[in-house]
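What follows is subunit A paired twice: with subunit B in the first complex and subunit C in the second.
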Partner chain A sequence: MLKSPALDVPPEPPAKRRKTSPEPESDDNTPAPIINSTVKDLAAQLDEAERKKYVKGRKLGSGQYADVFSAHLLSDPKQVFAIKKIKIGPEVKEFGISYDSLREIRFLQELNHPNIIKLHAVFSTKSQNLNLVLEYLPQGDLLRLIQDTKGTTYTPADIKAWMLMLMRAVHFCHVNGILHRDIKPNNLLIAADGSIKLADFGLARAMADPFQPMTYNTITIWYRPPELFFQAQHYGDAVDVWSCGAVFAELIGREVLFRAWPETEINMVRLICEKVGTPTEDNWPGVSKLRGYVTPSEIIPLRPKEQWSASFRAIGEVGVDLLMKTLTLDPRQRLTAEGVLRHPFWTSEPRPSKLRDLPRRGGGKETMGEDLTQRGGELPTANGEGGKKRGDKVAKKLDFGIMTK
Partner chain B sequence: MTSNTISEDDLYRTTSQYRLWSFSPEALASRRRGTHELALQRAWQHAPTSDGASDGAARGSSVDCLTVGEELRLVQRYCNQIRTTSDHFQWPVQVKATAVQYLRRFYLSNSCLTYPPKDIYKTVLFLACKTEATHMTLSEYARRISTDPDAVLAPEYKVMQALRFTLDVRQPYRGLKGVLMELLNMANGMVGEVIDAETRGAKELQASLLDLAKPSSDAKTPWKAPATGSVDVKHLTDRINAAYSAARTILDGPALLTDAYFLYTPSQILLAALQLADEPLSSFYLTTKLPISSDVRPKILATISTCADLLFSFSDAVIISKEERARLEEKLELCRDPSTRDLVQAHAAAMRGSDEDDEAKARKRKAAREKSRQEGEDLFGPRLNGVGAGGG
Partner chain C sequence: MSLHQPPPVTDTTSTGECPICKSTRYMNPSLRFLVNPECYHKMCESCVDRIFSHGPAQCPIPGCKRTLRKHRFREQTFDDIKVEREVDIRRRVAKVFNRREEEFESLRDYNDYLNDVEDITFNLINNIDVDETTRRFEAYQKAHEKEIEENAQLAEEEKQPQNQVQLKKRMDRQAAAERQRQLQVASEARTGTAGITIKGLKAKQKAEPEPPVDPFGGFRFVDKYFALQNDHVWEGIQDTKKDIRHTAGGYDIADYTHRSLVAAFSGLGVFIADEFTERTKAAQDDEAVGTARADIGLKDAQMVDAA
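Our next item is the complex of A and B:
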């Protein structure tokens, strides 16, 4: 059947199918080709036209639910993209198109912002795969830079530039009524020009009406705010701000701030109590009524500013103030994304680095596991303006060194 | 809950709803006509003929096909079906609003003749349930609507394609709730200051609200001014709440069952609903947002009024009966496109077909190259008296 010579015979023109005898009910007519109709509907035409615009290239990487390929325009090979092809897993039988991909498509279609990964188009293939045409972001993600402690140095001004881009992206999501719910360094991709792009909207959701319960089982555990561990069902944009605070601290300290190990919720709550303070009715009115409210019996008072400053000295007093306000226990007292953008940090010295001065991907060598032993609290080699320039040069040299190997 | 409707409109212009799913009434009508005609062509391609005419139009005239208007009424009936099913599951209101718009959007590029709505509406409702973060497994959903799970999933990609892969539906519900909150705050003297024609403080705002004219007799609000004629803050609060729930009813019914979402923005829809509920109250609210002196004011008011007319003109009586639905569906079968009859089988076949990436694609490309080379060589040979001959 597969290799039947009949396949080489051109399809019969429709005229030959005509019947001269009185026809039976249309039901019993010759089995029509199921998928290919010669006249395609408008949506199918548009879908096909989009698909044909791209030439798929090599695989760039693969994640939990997608493979990502490089691609370029057929009409202009200089225009490159990343095509994210959603994997079809066994869960398709139970759900159809997965929640993750629906969320990613839904929200990226609505968000057009310089610091949010741009979704140019979506098309499907005959075997019903969804393909997302994304902007190509060749510089890896922020986690790689943070972990590459040998090859990459960066300064407080660089951190300020990255955080500003992140906060603008998050603020834009929030004014559009969207919570990201998975902000962490490996979801912050870096564009060719060095700018940060918030990516991976697989866990995002629209802000709910105040009375509509939402799942608290979201956000990668290390970046999850305390209200979610306590199983608050009504939460808002403050959850993303906490995650941003954790990223901020990680950029400064070059280690995960709340690295619970093993990654259990109870360990996370313990760590938050140690590093920020125990959530109590005093610092968070109403917290004890949350369903999942459990804290270690020893109450640790809120960590005073001097202690924050001691650990995060490198970012300066104003920076430490902002950090504390993003990692405030009570979500209602925590700054909003807009509040963060209005904080004096951004306009105080040093000015955020220019895009072209930001460090690029350092070594290609994986530094897996090294961060387990690494001590944090200070920025390696970054001290003052002069130090920054030197640091930059070193980073670039290393970069070239590895490329020419 | 932001009070700034103007900047919300700016944000709205960046949404896919505005970019792809907003139309003038004329553009909407011509889009539907185009889709309908394309579907007739498709159906005729497959339809057997007795007179031997190969020309579609000639054949079409002999068969009594569903008209554009009948298609619309059928789709509307299924929009209503979606509402009742979603309410039956007690799903949040966003689910039904999204699902209804999915169905309406689907039928802008597809005709009932190709995909009868009874095959599609269950799929869009399940899809909306997923995009609106409401959890129900496919098996439970299928069981509760007594359908084969495969029948729910089969058209899912077709639906995604027809939606042009845009899934977000902007809705007026949150906005209406925001207006409710603002009005309640003003009624209780809790709004600091409103800058309109002349800047008014909290007390003045509250006073003008208490002095507001009564709703007219045809207003949708159930609220009646007290017999004594003097309105206190308690009465006022009742009035605002009553207007809100009357407007909510309009959003749940007429706004979903007409073309409102295609023609107007969510804030225009909610203000139109509020106007039908309690006109003096909605005008008052508008003046606090839109100074009398504003140049755009007349245009905005006119738009809201035409939207209100559209919502007002709808009544439940225009939804076709079960019998009428059955009649239209029977009629539909006469011009039914047979190629899309078995969606479940087509879906299964498509899923089985391994993806044409990689090797398969390479093989195909090679075959195509081979073919075009041959065709090139045979340019003056077989094509003239072989393949091409059947066309006449």
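Our next item is the complex of A and C:
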């Protein structure tokens, strides 16, 4: 766990104060260099000490929101890290550091779990931008593996191993009172040993107190649960479980389960109604009281288990049962992360694959660069058809941010 | 096929003349000479076709009584027929004695093994003790059929570019082969003999039965200092239980009460003074940090096992 370095260092408050005031001639016991204007205050000193521990290397990726570099320890070049340098835009002067990066720092430094990306240090550089020293995960992400239908094959045992790692990470977040709120395959990075690490806590937040409203406009739209579409402002850990369910289905089917096109909320609700069933007072008591609830024109009954089994036969009966329980409309009936881990799916046959047998290479280290530069809640840029979106090359994509420098 | 024959090489073909039909390269520029590893007598392609097309026949060279088959005839690689033969024998021996270094306890054992193999090869090439050597060779081959095949497979796969799918298949095959071999070793222990004994082989230990899958990965979250009641009565939160907007969205008040209790009691059993002395000790003693790291590593390793 990361400890504040300030605890170890004895405070020395006078240095700064003296700097600003005119130098008193009588003060003999203060050595001259300290009064020098180049002296930095304690925070800056600590920051510099932290910064000097790392050697920044090649740029792995660059985005609108952040740049990612590879880096290593000065004292031990074998220890490799990824540094996520958050770009400062003009809004920083007005609003200060973005919420996303603050959230990421706040939650990542508290979470220490084998399946959650580790934040080793944070420091800032001259231009006051933030540098997050993160665990180096060179094997890309799960999205690449899912989309690489030609080059990669994986078995139900592999899916089970990945999902188990994901659920452990989510469960760990939840017992610590944190909602991740952006679980999707390209936030699941693959470590060198093949294990899955949950990354990007830019949208995470602590679970709210009663009567404290939370935003419903969160989680990447394809993985967003129905209660958020209905603008519920009080929700719980069930939102993450729905996302996990969507990831689970995506791993099995190798395509996004709720892929509304165009990506509007109304299309998403329609798609969920088609694939799971229409939320009604019967299957979700109280749903009609939610703010964004629209009375449906036609009611599609809940999808029966046989149909689920038909679409997801590969994962077996027990797996389909788990999938149905994570994709339950009513968040109170949906399994909790702990409930998911207690499901018989994990202990049934086949046994989850060993780490060394898991497919890797969901893209290379550049993929990590790409993933970390994304702002939370964005849809992945490369999607299915040819990897490129229409309009990717159109002029509006020019990055005018560069010109203002 | 046997390995024990003297090469009665009569080199008339160096002039480019077939010893059987006497046709020369001068007469037939496309003349090709073939040999059969049974006796290494050279003859031209058309003779081979003529004599052996109707099935196995005796070598037409006077004095050579070997029965040859057409499909074994091939072009010779080396000019010197002795080299050709030696290479053939070496290839055959290497195919059977294909143990890998990692199978041995030490490098010394591996080198001893290679020495034994070279002795056998040498005997076969130079026709020393041929009958006895061949018998032992074949006995070994028979006894270790499975292992030979397995090692051959490994070597084959190492040649190919590493593909994850292949790797996985290989692992599965290995596991199957492991079971097979264990069965065989058991049966061998009963029967006894195995032509050549190799010393210093690593004992193949049985894989330990895997522990059952722990979905929680070794993490336990137990509330030590309090027990959560079904209903904590406090007027500040009473309304949320009835508020449909709270409940319908999946907000669970029990989560909140639990979190509050954790926040209230998680400090119990933590003694900051103790932690401070621990930390100063650790800072003084780098080794202590090392062991702490190792502990974390151990925990991670256990995670890995559980997965």
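Just so we're on the same page, the second predicted complex is superposed on the first by the 315 of 405 C-alpha atoms of A that agree within 3 Å, B and C clash if a C-alpha of one lies under 4 Å from a C-alpha of the other, contacts with A are read in each partner's own complex, and residues count from 1 in each chain.
FYI, a residue touches a chain if its C-beta (ideal position, glycine included) is under 8 Å from a C-beta of that chain, and two chains touch if they have at least 3 such contacts.
Note that this is a predicted model, so its numbers are computed, not measured.
Undergrad: According to the stated criteria, A:167 is in contact with first (subunit B), second (subunit C), both, or neither; which is it?
TA: second
Undergrad: Which partner chains sit in contact with A:175 here, subunit B, subunit C, both or neither? Use first/second/both/neither.
TA: In the superposition, A:175 touches subunit B and subunit C alike.
Undergrad: Per the contact definition in the header, classify A:130: touching subunit B only (first), subunit C only (second), both, or neither.
TA: first
Undergrad: Does the superposition put A:96 against subunit B (first), subunit C (second), both, or neither?
TA: First partner only, subunit B.
Undergrad: Residue overlap on subunit A between the subunit B contact set and the subunit C contact set?
TA: On subunit A, the residues that contact subunit B in one structure and subunit C in the other are 175, 177, 209.
Undergrad: Please name which positions on subunit A make contact with subunit C in the complex.
TA: For this pair, the touching residues of subunit A are 113-115, 152-153, 161, 164-165, 167-168, 171-172, 175, 177, 193, 195, 207-211, 227, 230, 232-239, 284-287, 289-291, 330-332, 334, 341-343, 346-347, 351-352, 354-355, 357, 359-361.
Undergrad: What part of subunit C is in contact with subunit A in the complex they form?
TA: Counting only subunit C, the residues touching subunit A are 164-165, 167-168, 171, 210, 212-213, 215-217, 219, 221, 236-237, 240, 244-253, 255-256, 259, 262, 300, 303-304, 307.
Undergrad: Taking the complex as given, what residues does subunit B use to touch subunit A?
TA: 11, 14-16, 34-35, 38-39, 41-42, 45-50, 52, 54, 92, 94, 109-111, 114, 126-127, 130-133, 137-139, 152-153, 156-157, 160-162, 164-168, 173-174, 177, 333-334, 336-342, 345-347, 349-351, 353-357, 386-387, 390-392
Undergrad: Given the complex with subunit B, which residues does subunit A contribute to the contact?
TA: 10, 12-16, 18-20, 22-24, 26-27, 29, 32-35, 37-39, 41-44, 46-47, 56, 85, 88, 92-97, 99, 102-103, 105-107, 109-110, 112, 121-130, 175-177, 205-206, 209, 212, 214
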